[in-house]
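Next come two complexes, and both contain chain A; in the first it sits with chain B, in the second with chain C.
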Partner chain A sequence: MTSPPPQLRSQVIALYKNLLYMGRDYPKGYAYFRDRLKSVFLKNSGVKDPDQIKVLIGRGEFVIKELEALYMLRKYRALKHRYYEKDEATTSATTSSSDKKAPTKTQ
Partner chain B sequence: KYIHIINKADMAASKGLKILVGCKRVIDYAVKVRVKPDRSGVVTEGVKHSMNPFDEIAVEEAVRMKEKKLAGEAVAISVGPPQSQETLRTALAMGIDRAIHVEIPLAQLEKLQPIHVSKLLAKVCESEKPDLVILGKQAIDDDCNQTGQMLAALLDWPQATFASKIEPSQDSKQLRVTREVDGGLETIDVSVPAVVTSDLRLNEPRYATLPNIMKAKKKPLAKMSPDQLGVDLQPRQEVISVEDPPVRKAGAKVESVEDLVGKLREKGLVK
Partner chain C sequence: TAAPTNILSALGTIAPHRCYGHGVEMTRHMLNERVLLVLRLFDKINPDKLTLESQFAKDLGLDSLDHVELIMAVEDEFGFEIPDQDAERLRSPEDIVQYLCDKLDVFD
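The block that comes next holds the complex of A and B.
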């Protein structure tokens, strides 16, 4: 089996760097995130099939989207809890959940 | 054909509002803040800092207005220490065109108040001439909720604070702003130039990913000093002490209504 094209390798490295950058805001701490990220990438480092690599990259990009959503929700909830009255929070929970739009994602 | 292209570019830049967005570098919202042992302030050394969440919402609104072609140019400004550049870089990564950093020397940083910041911003507005200034409604470290209002007063511009929606007015000559007030929502029309402060439900800010942060390094970032702007940073307030809020006394769980009434009687709250 031939080794995968070099572009895929640089894509994987870029994915790792992006995930590592996002780990700084992880609730359980950067060290926790980094250790798990490293072990997951290490576990899959033997994969040679380009299609399989693309699937794994896609999975990594999905995790990025999930982290973005997690961070946004956490921040919103924390601010709502700190700055708004409890009964206001319950009424706005019904209205804001109905008109909450999907966040625009940057490229 | 060449001249056509240049004219198109000029039009794209001159069309739409020019927005100035204020960002403040504060201790990250998720950090457990600790009071210094000498009670002079809170611990900031080695503590994670990030952009004030309400300012992120302001930045996001400016970028969205650009995407909707309501705005032509969005400029971010931050008044603070050298590390405020990182905050500005985040704003640039979210889609802001260029940034201005008004650098405050460390000695004067702790004594900086909204009155000084609003004076600095007013001076910058004189030269930048924005159509709209968007600020976060308040900073999560001092919770002053003053800078936007003071800035509007200094510039003698209309203000629309606690904005949860910004759109063109019916005749498109003004801005229609929906405000979150105690009674519910209030909708007002303001003429531009104006100052708007962002509330929590204005939008959901995008995350500044690493590729965008790297691209943002190419965007212009200008530095200014308070002396250049001719603003006096003499403090008007003195912090006497900073303390933890009183510890909540532990509550007691009761098994039955009789227990509850008994305990209330013990405390003399019920006869």
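The block that comes next holds the complex of A and C.
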């Protein structure tokens, strides 16, 4: 079995570092995020196939994008909550007909 | 953003530090103390086993992921980024202090 090239290793380390930076703002707390991140990385530490490693790195980058989206949504919701009163006109204008089946989802 | 130093000293909690001026004069001894403090506060390190020469991987039992986190803590303390290729060469507190001396021009 060929050992993976060193630049893949440095990519994995850079990915771990980026995820740690993202995890600082995680709602459930940095320690929670870090422990789970570490266990996931350790679980996959035995993988030696370079293609497999690239797939896993891709998954990690996807998680980073999801976290960015989560934080942007959280900021949006915080500002909206602070500056806008929820009234009939806004609620009916912003919820589509499909949302009416589960009204709690808009909160 | 430069804040007037007299207000800061009246608050008493923040040491007056003029931005864009010279920083604190650092000695190697001060660097040793700061690095050891950061490492002692790191929860994966046993403070009893920590000396300047103890190796992170061999003596303190840290793996490469803990190492990443540790270097991040050092970056936060000293306020500048350490690139990954430099970071992987830093295997003991002594290495970190030497690297910081090189970067911060501390010559003691």
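General remarks:
Rule of thumb we're sticking to: the second predicted complex is superposed on the first by the 89 of 107 C-alpha atoms of A that agree within 3 Å, B and C clash if a C-alpha of one lies under 4 Å from a C-alpha of the other, contacts with A are read in each partner's own complex, and residues count from 1 in each chain.
By our rule, a contact is a pair of C-beta atoms (placed from the backbone, for glycine too) under 8 Å apart; a residue touches a chain by one contact, two chains touch by 3 or more.
The shown structure was predicted, so the numbers you read here are calculated from the model rather than taken from an experiment.
In the superposed model, A:Ile64 lies in contact with chain B only, and not with chain C.
Counting the residues of chain A touched by each of chain B and chain C gives the higher count for B. Of the two partner chains placed by the overlay, neither chain B nor chain C lies in contact with A:Arg36. Looking at the shared chain after the overlay, A:Ile13 reaches chain C, while chain B stays out of its contact range. Residue contacts after overlaying the shared chain place A:Met22 against chain B, while chain C stays out of touching range. Shared-chain residue A:Met72: touches chain B; no touch with chain C. Legend: residue contacts after superposition of the two complexes on their common chain; A:His81 is shown touching neither chain B nor chain C. Once the two complexes are overlaid on chain A, the chain A residues touched by chain B in the first and by chain C in the second are 14, 17, 21.
Against chain A, in their complex, chain C makes its touches with residues 63-65, 68-69, 72, 84-85, 88.
Listed in rising order, the residues of chain B touching chain A in the complex are 29-30, 53, 64, 67, 93-95, 140, 200-201, 204-213. Looking at the complex, you find that chain A touches chain B at residues 14, 17-18, 21-22, 25, 27, 64, 68, 71-72, 74-76, 78-80, 82-84, 92, 96, 100-101, 103-107.
In the complex of the two chains, the chain A residues touching chain C come out as 10, 13-14, 16-17, 20-21, 34, 38, 41-42.
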